Structure formats: C-alpha cells, structure tokens
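Shared between the two complexes below is chain A, which has chain B as its partner in the first and chain C in the second.
Take a look at the complex of A and B:
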C-alpha cells in the first residue's frame, strides 16, 4: 500500500543528483527549523539577524562561533574516523568526559613541571579517551557485542564517574559548588586575542589536516576505505583489517578525549557537570553531514558552531531553552536523511492497472 | 532482613516497569526487523506530555494516555523515515532521540519541578485502604504493565498477526511473497513501540515521580536497548532483564536508608556496569546476535532483489 510509487534503485548516483538531494534536504530541514522557531516566538526578522549576522558577520559573534567550533571539530572528526571503518562510536560523551577528567586530574595533582603541564594534559586526555573506547572495541572484536550499546552504556558510566568526583574529592573547596577548582594559568590553552578563541583552534586544524592526510594519501587510509566498503572482502584480500579498525577506533576515542581536555583548558577552566552535554548528537550529525570527510567536518562544525552561538543568544533574549540546538539538529538530520531517498532511488509513478 | 526485602519489593515496580514497558515496544519493533534506538526519545516526550496534561488539571489517567499518544506521534516520524524513506535505521533512531529530547527541552522549559497529583496509589483509593503495604504502595499501572507483557508474549508467539510480524523480521522477502504487506507491518510495529515508550515515559513522571524535570529519563532508554539484547528479543525474558537492572537500581536508596555508607554516584553507576557485564558475558558463550531477527536493521524494498 505504501508503495504507491515504484522505487527503482539507481545503479549509479550522478553527483549533481546526490548534491541536489543533500542540499534540498538541508534547506528543507532548515526551513522547517526556522518555522518551529517562529512558532516558539522568535520574530521572523530576528532569524536573519541572530543566525547569520550575529553569528558569522560580526567579529564578536564570529569569535564565539569559532570557539564553539573547536570541540565540535574534534568530536565530529572522532565520529567520522570510527564510521570510516563501520564502527558506531556513540559513546562520544563518555570519551569526552574521560579526557576532561584526565585534564582535571593532572591539574589537581600538579603533575610534572609547569612548562610541560599543558602537553601532559593533552596527551593524557587522548590516552584516557582511547582507553575508554578500547573496551567496546575489544568486546566487538572478541564476541561481536554491538558497539552501539557498549559505547552508550560507557557514556552513562563516565558521567556517573564525573559526578562522583565532583561531589566528592574534586569539589571546589572555595565555592562548595560541584565543580573542580579553577585551572592555573600554566594549565590553560593560550588565548589568541580574538574573543575567547584559544590555541585549541590550532589543535583542531592540525587534527583535520592529519586525518585528511591519513585518509587521503597513506596506506592506512586505503585499508580503511577497503574495510569500510566490505570488511570480509578486505580480509580475504589479506589486508590488516584488525590493525586498521583498531587504529581508527582508538584514534576516534583519543580525539573525543582531546575535545574534553580542550573544553576544560580552553573555555571552561574547570570541570563541571554540564560541559559535555549535547556533543553526542553533534558528533553524529557532523560526521554524517560531512560524509566522514575531514575537510567537510571543518565546514559543518563551523556552521554548527554558529547554531550553538545563536542558541545562547536565543536563550538570553527570547527565553528559549538551549535544547533548541538539539531540536534543530534532529530536524535537519532527519530531513537530509530522508532526502537521500531521491538520490538513491528513481521514483516512478505507478500506472493504474 | 525481611523488612529490608519488603521495602525493596515495595519500590521495585517503580524502577522495573518503565524499563519493561519500553523494552516490550523495542521487542515488537525489532522482531519486525526495525532496529530501534529511539526509546530515550519516546520516553522523554511521554514523560513531558503526561506531566503537562496533569499540570493542566486533566487528571493522571488522561496524562498517561497523552504520554502514550506523544510517544506514538514521535514514532510516526521515525516510522516514516525508516519504512517509507528507507533511512539507515541507526542514524534515524539517533535523530529521533535528538528530536524528542529537543522538543521536551523547548516545550517543557516552564513546567520544570512543578509537583502534581499523579496516578493514585492503591492505598489511597476507596477500596484499597486495607491492602498490605507492599501492594498498597503500588498503582494500577502494575497490573496494566503485566497484562501488556502477557499480551505481547501471546501476540508474538500465538497469534497469526504475530507470526506475520516475526516473518517480516526474519525474511521480509519471503513474507512479501506470502502476501504480507511488509511496510504496513513494520510501520505498525514501530508505532506500537512508540506507544509503549511513551507509556513508559508517562510512568516515570505521572505514576512515579509526580513531577517533571528535563532529562528525567536519564539514559534509561539506552539501557532498554541493551536489556532487549540480553533478553534475546523475548518478551518474558524482558521482565527478567528489567528486574536485574531495576532491582539493582532500587537497591541503592534502600541500602542508604539502612545507613550503609557507599558513594552515591558509584552506586548509581552499578546497574549500568552490571548491564554491560551481563551483555558481554552472555555474548562470550552464545554470540551476541543469537536470537536476533535475521533481517534486523535492513531496509526492505521488493524491487531490490532483482
């Protein structure tokens, strides 16, 4: 009954069609999101002002957008790397929490000499993120346990661990709030002198370049393409499937851990319960919209950073909850996903019998 | 010891039933071959809608019904995406959760932390005042949930429609040839799973907490998906799985009431660790996917076979 129209799978999807359905879906989703915002009480005239002018075209707004973009690039890239080898990393927030905790731990214990503190924080946060994803990876490789579930559960577990530390040993003695003590100056990423933009930007850009190089020109990237396309064929061809999957998945965890450290050392300067919220869905939507391409991850993260900036503004001026960001992401992602049908299939009207 | 056990038994349904209800929905959807990561979103809209209706003074039962309808509504979006538009089911599920959490955050913002009269406990009704405490503290949701459990178990294994649903999940091509409308069955299964998820959410706010806070589902929807896996997609085993998780969760506040000193958040973490451990251990022996419907997660299109 639902097959009123006949769908015929295209043997080859032409690029212009693929692009048309992608951008068509994107525009439809954005229009729908705009409609929802207007319904929520944002004046139509303000949409352009808040979402374009104030977030991309003023120096202050652009600075905010770029600051919001930095961790988004890292989590988006992390998700994309794992997706390249057909691994669903849905525990992004868990790895992010672990990275943030590693950073806080180094800061509280004052580990190492001061000049080396920041590099140590960044390295340990990546290690922590990688370790947190190593368990789902091992479970998947050994016993075929779905990584969707194990990474999700480890995300919840990590959050409880953060709360345990914040309400216990790491609670800031001065304020009594469940946040860690603020970081020393030596433990913070230096500001670049443009709003709150910090040196994490260089880390994010370096990660994008490195990922683009690994995927584009190295042997490992070639293996990953083969594994992503067909794991069994790759194994039959004698490629090191296990090693490739492990490198990409552990790299994914490390990037998400780094994102946690960058948030703590770059913008928040302390660990709190709210710093990791929302990155799960952002990572997924960035990786999907960017089709797991590192350079595209940068572009999508930049645009999504704008949405985060606008979300903050709408909260202050129109009393709209920050969950708006999540709602818009869901609407846009679903719209782009559905539009894909028109690229993958030819829709033929069924003649009446 | 008996007192402790009875106290634990009294609070148990509050922890177990939402998980059970939502997992029944996931079983129905996944036995029809649709991978369903949505319960977190279904439960969120169910909890909020139920609370909003109660706060509007419409009474708890209308709240429960409204929450169920809200879950159904959100699942219609998911169903449209996966069944009609053939969207990859993992991504569609995650997008649906984002949608559900986003909607509740935006619409429920001004209704946070406002207590209301929820579903009455049996001891508060005119006929249940004499019941022993273990029963008196329960609501009519307990028999309702158990009835739904039996109904789903009967439907899947004993009814012709259930047979058709399972056939779609195992081999949609064969079911199609046998004259089953695959799309209609899958859509129906998804909608039912949404209703169950919404009901589970409404349970959290209307029958259990009598208040709504943003994020009150708190990852239970994700746990539900894991429970279904180690229940091997069988409704009755979902009860056992829900008892394991919910029972551990319910133990924590009871132990605290006894004065046992343990870190609160590590205690709250324990059920999740246990779920992961059980999932891993059962997988070592029988393989994680055993019992999974053969066509789980695949989009079906008749023309694709040629």
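Take a look at the complex of A and C:
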C-alpha cells in the first residue's frame, strides 16, 4: 500500500490541520486502547464510563484529573522553557527531587514563623531546583558539555541523595518506613474544597500565564525565539545569548523544583521514594506534544492527567497490571505523536503508470 | 484488425537519451513546472539554462523520479518505462550529480562507491571498488585517491568522486546541477573539458546552470526555461546570440548598478597584524593588514580556503582573534562583543546567510527585527512591539521588491535571492558605516545579483565603506574601488580597480606575484 503513495512535505502546516491530526491520533489511540482493554476482560460498557465519564465528566473524577495535572503542568512547562533555548533538560526528576527535599527540610526543621512556612517552602524549592540545573548549565556554557548526559546523571544523584535521607536522618520514627514525617497543617497547600484539588492549581496556572507572557510579548521571549532558531545568528546580531539561555534554563529548573514541593505539600504530605517517578517521561512528552507552547502545555497536561487517573482506576477496580496500564497509555500517546505525520506531510496517491 | 503501435524508432540514429513532454508539477499550489519539455540526444552536452526558480532542477528531478510529475511523460532512451524512484532512474542509466553531493563524509571514496554499487545490487568489495575507481579515473585522465576520506577532499575533488560514482553505477546520461557554482575558474574549465570528453564518447550530458556564459562554449545545444515553461527548446549552441538567450531566460532585466567611483573619504577602518587560528589549530589569518576609507569598496579576491571565512568571523566577533588591532572610526573592536561592533556601525553579510545571519525558522519580520530589538527599536525595555516589527517588515519587503512572502512567512520559504535581498535591506540600513560582505551574490541569478549589488552600491554612495570578500572575480571587478588578494591569511598590496586586469589578478591568486 505504501508503494502506491508518496509523502510530500507541506511547506506550511495550517493550525486547523495540526489540531485535527492530533485529535484524530487521540481517537485512534483511544480506540486501540479500548480494543486491548476489552481483550483483557474489561466490560465494553465500562470503558465509556471509566475513560470518559469517571475521568472528565463527574466532579470527583475531574477533581482527580486536575490534581494529577498540577505537577504535570509544572514539569511540562519546565521542559518546554529549556527546549525553547535548545537545552534538553533530562534531569527534570533530579530538580523535582531537590525541590521536594527543600520542602521536607523546611518542614523537619520548622524553619521560620508558621504563616511564612509555606511561602518559604515554595521559594526554597524553586531555588533548589534552579541550583541543581545550574551546574549542567555552567558546564554547557563553559565547555560545551552535553546537558543530556549531565542533567540525566544529576537526576540519579538526586534520587540517591533522597534515599540517603529517607533511610537515615529523615526516616519517620513513628512508622519506621523510609518516608519523612508527615507535614504539619501549616506546611500544606490549602485544599480548594473540590476533592483533593489544592492551591497548587493557582501556582500552575500562574506559571502558565507568566510563561506565555514572557514568550509572547517580552524582549526576553523574542531573544529566546532567536536563540532557539539560530544561536549563531542571535549572537552575531548582538543579542544577549548567554543571559537568555541562563534565564530560561534556570527557570526550567525552578519550575521542576516547585513541582516537587507541590507534590509534597499538596498531595503526599511527606517525602517518599516514589513521588517523583515518571515525571521525566511525562515532562518530555508534554513539552513535545505542546510544541513548547505554554497554553498547549496546560491542555496536554490536562489530558495526560486524565489518562493517568483512568490508569489508576483500571488498576484498582479491574485488576489490570501496572505493565498493561503503561502499555495502554503508551499506545494512546504514540498514536497522537504519529498522527502529526499527517499534518506535516501530504499523502499523495502515485499516478498509475 | 489493425492495432496502431509504436514501431521501431525511426532512423537515423537512436532515440533521444531523454525526452520529457508536457510536464506539470506543483508544490502546495505553487506551479513549478507548467507543460515543460526537454529533449536530450546521445553524444551531446546540453545546457539547461534559466533563473533561480525557473524549474531547471525541478524538471531534472522529475526526469530522475525524485519528484513524481502531476502530468506529462518521461521517456528514457526510447522506452516509456515508469520510473518509481531515483533507484529506478539510476538503473535506467540516468545519473544525477546534485548540488549537494550524495557522499558519506566519513567514508573513503572507494567505500562510497562500494556502498552505492551494493545499493544497486552489485556485490562489490571496497578493494574492487578502489580498482574500478582508479581505472575509470585513469581512463578519463585525472587522479583520485580511492583511499582518501571524502570530508578531507576539496569541493572539486568531491565533485569528481561523485561523477565517477555515478559513471560506475552505469550512467549513460549524466545530469549535473549547477556544477560550476562551487568551483574556481580553473576547476570549472577542467570539469567542462571532462564533460565534453564524456559526450564525445557517446554519453549524454545535461548542465543545469544559471551561468550561461560559463558553459556556452562547451555546450552543443541549449534549452532555456522561464517560470516553469520551456522558452527555447534544444537550440544548437553554434551561432546562437548569447545576449538573446540571456534575455529569454530573464525577461525584463533590471539595469546593472553603475560603477562606484573612487572618492577617497575619511579613513574608517584600520586593521594591523591580525592573526587567527582555525578549529584544528592551523593558522588562518597571518598578520593581515588593511586600511579602508568611507565611500570605498575594497575587494578581497582569493581562492577559497585562504582565510576568508575566518576573517569574516573575526570581524563579526564570532571568532576570537589571536592578536592584532581592529579599529573602526577610532573604536578598538579587536575583542569587542558583537553588540558593541554593531553599535560602532559594523554590518556583516556572511557567505552562508542561514549560518550566522538569519534564522530559517523565524518569520521575515522577526529576521528583520533581529538586530534592532536589543537596541530598543521595536518596543521598550521589557516588551516587544510586534505591530511595529510587522510594519517595518512590510515597508522593507516592498522597498526591496522581495517576492515570495509577507512579514509572517518563515525565512526558509524564500528563494536564495529574495532572502539575500532581505538580509541586505537589514544590514545596509541606518547607522551602517562598514559592511563586510562575503560572496554576497553566490548562488544568485542575474536579477538577484544586480539587486544585491545595487543595495551595496547605494550604501556606499551614502558614505558606507565595504569590505567585499569574494571568489567571484566578476563580482569583485564590478563593485570594488580597490582590489587585493588574500593568500594564506595575508593580503597583497591593494591596487586601484582601474589598474586591475584579469592577468594581474590571476597571477596574484596563485600566489606568484
């Protein structure tokens, strides 16, 4: 069949077409996922109920989806910011761990007066995340060390540091498990009275708005566009390339650090070994699908949050194994990614000779 | 019953090597070919001439099945066999040498040939490929080292390697896309002689070019294309008036920029003892010195690889110099940032505009604003004024007759000529005191070349100085008020343009003057 068709690259991709191809890919992926789930014994009738109604259409389900979305927005935005200046932040989880540790540290030491505790946690977590990416950034700018390697390895180091703390000084004396003691009430993000949705939502929305504004209308955003599109040309044009890269990359680390603090203070209320797992892949997928556009990051994070919520339901209520849940999620995401082909290329039937 | 059928080809001689009829081809609504035709006979060198975008490369890409035509027929050596891709075309004996060679840089020449032959289904070892290469090269009367890595070869050597590869693949018909664009005059002559020799031995050769004069003497027939149509079909080259052919190819022609009169102005640029090294540590600039006054154009001729790109990079601030002085109107620029250089009035048009001057992914408006945003020309301290950017872009696009896009069009969609016009519009603007231009008309057709030269001449008439670095002697001669030659990172003593003759320049170019 492929022999009878040609792919012709489109000179320009209309927005409508791009949106339609994403949507088509999503539908295709969901259909495929549904087939797999039916094979696994999930009743057909329950699919609509679980995937759509329970995830997006009931207040409780929507609340869960939004809660899952909050840290996804922050890490997705963090990845997107770094990508804008051609910096591959593969150390999202490392910066997230540092942010989570900063939050835990403040909580354990009861630093500062209680009313200022939460702002202090959030500020320190951003600082910690930014510092954790500052080293790869400096290595890259000074000696052109590949940030893919350095951020990735620093991510592992951060995780071992977390383990070191949890099995040592920070172990919860009451339970003996390798988790930190639970946070005091003053150290928690307030709930919004809608399921588990917490005030981290406002932080995520504010971050999206701020990023969209910086990229859209500020001089710094223009510099970043130029640096991302052609670094040498930006330098030759006299733009402050180093400053631009530094601001965007440090901002990326700060957002990922904030995500760590939001997870600890918003949903988990303690540091454990499992809270950061999977955010690296999510962050990259979100930034890629959103094409590094902050508003699109919000939309993609919401849908991905739904996918994760639905996965949780499948695991708990239908006994689907973790591996199968990941497989189903992978099928959906891969379909969406592949569908972009049909926006970028036109498929033309070969003329019969 | 009688079935009409195509009989054997009418004598005399064979069917044409290549026959294209009524070819249509559109890209996203843009009509690149509009009922175009082309006929190539065995034993001839055939020049396919036209401006950029006339459809020359497109029609040959249709012939070699890189593109599928929307309509029309392709007949190779009298056989109407459908070609389903470049591999089919190669098997049918059509070998195309593209502008960007299809060679693996980290492989040796022999490995490249072996790779292609195996791709075509022949089991050939690298040693056998090396033997075949050496034999074929000797037959054609030149030397090539089959064991040399391709990325260590000069452009001319790479081209020869590519031609040999295509011949060894069994090409009876050779299609060369702008083969002389990357060559020096001597190399071009050697290539054209080789090509002629191949044709005399029975092959057929197409030379796609917009430099008619260069190839005319070596061509047997000439086909001219304009705007996707064939406007002169396989006319014998002998006795053809070249001016007439050029007029057919170009249509209405803008006037050439008037010669720039030498009016010595205030001294502006002074460079002394400038040195720089390449990435591999070799010396690129070796105590280079020059003086330049306002309203002057100093042409720096020279064979490629004598330090030209390094000189441009050192001047624009992208490469750290080893030592020396660069003074522009009193300001010391040796280690100044690119921003400080722009403030001092330095403007640069590099050889490859998408390497260090423009961003292909940004819109025309953004590219035009690239150098103005930092100084606050488009908005305040914090915000950018995109409306102003767009208005400015609209104005420049109209003033400089840039075609093929508006302010929001990505720069990558413009043709080379239009992109270059746009870059000159940006660089030769308010505050430009010195323009460093490296091969500003390379790859451009006559019309765009004239527009680019006109823009430089206009700036110079306003008192701007220009350092014109080019391997194209015609370009050097048509713009410069003084001329010198760069050789191994040093400049010869400049001479007034009126005293320059091709002979004197030629002697300097090879470094024996």
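In this section, the second predicted complex is superposed on the first by the 275 of 353 C-alpha atoms of A that agree within 3 Å, B and C clash if a C-alpha of one lies under 4 Å from a C-alpha of the other, contacts with A are read in each partner's own complex, and residues count from 1 in each chain.
Here is the rule we go by: contacts are C-beta pairs under 8 Å (C-beta built on N, C-alpha and C of every residue); 3 or more make two chains touch, one makes a residue touch a chain.
Since this is a predicted model, take the numbers as computed values, not measurements.
**Student:** Determine, under the contact definition given at the top, whether A:206 touches first (chain B), second (chain C), both, or neither.
**Tutor:** Neither partner.
**Student:** Between chain C and chain B, which one touches more residues of chain A when both complexes sit on the common chain A?
**Tutor:** Comparing touch counts on chain A for chain B and chain C gives B.
**Student:** Applying the touch criterion given at the start, work out whether A:35 contacts chain B, chain C, both or neither, answering first, second, both or neither.
**Tutor:** After superposing on A, A:35 lies clear of both chain B and chain C.
**Student:** What is the contact status of A:333 with respect to chain B (first) and chain C (second): first, second, both, or neither?
**Tutor:** first
**Student:** Regarding the shared-chain residue A:11, is it in contact with chain B (first), chain C (second), both, or neither?
**Tutor:** second
**Student:** Determine, under the contact definition given at the top, whether A:281 touches first (chain B), second (chain C), both, or neither.
**Tutor:** In the superposition, A:281 contacts chain B only.
**Student:** On chain A, what residues does chain B touch that chain C touches as well?
**Tutor:** In chain A, residues 3, 6, 8 are touched by chain B and also by chain C.
**Student:** For the complex, which residues does chain B have touching chain A?
**Tutor:** 37, 77, 80-81, 83-88, 90-92, 94-106, 109, 181, 183-184, 187, 214, 219, 222-223, 225-226, 229, 263-266, 268-269, 272-273, 275-276, 279-280, 283-284, 287-289, 301-304
**Student:** Where on chain A is chain B touching in the complex?
**Tutor:** Against chain B, chain A makes touches at 1-3, 6-9, 40, 88, 90, 139, 142-146, 148-150, 152-157, 159-161, 163-164, 167-168, 281, 284-285, 288, 319-331, 333-334, 337-338, 340-341, 344-345.
**Student:** Show which residues of chain C lie in contact with chain A when the two form their complex.
**Tutor:** Interface residues on chain C, with respect to chain A: 27-28, 68-69, 82, 84, 316-318, 337-343, 348, 350, 354-362, 366, 369-371, 373-374, 379, 381-384, 386, 410, 413.
**Student:** Going by the contact rule at the top, pick out the chain A residues touching chain C in the complex.
**Tutor:** Spelled out, the residues of chain A in touch with chain C are 3, 6, 8, 10-12, 217-219, 221-223, 225-226, 229-230, 232-240, 348, 350-351, 353.
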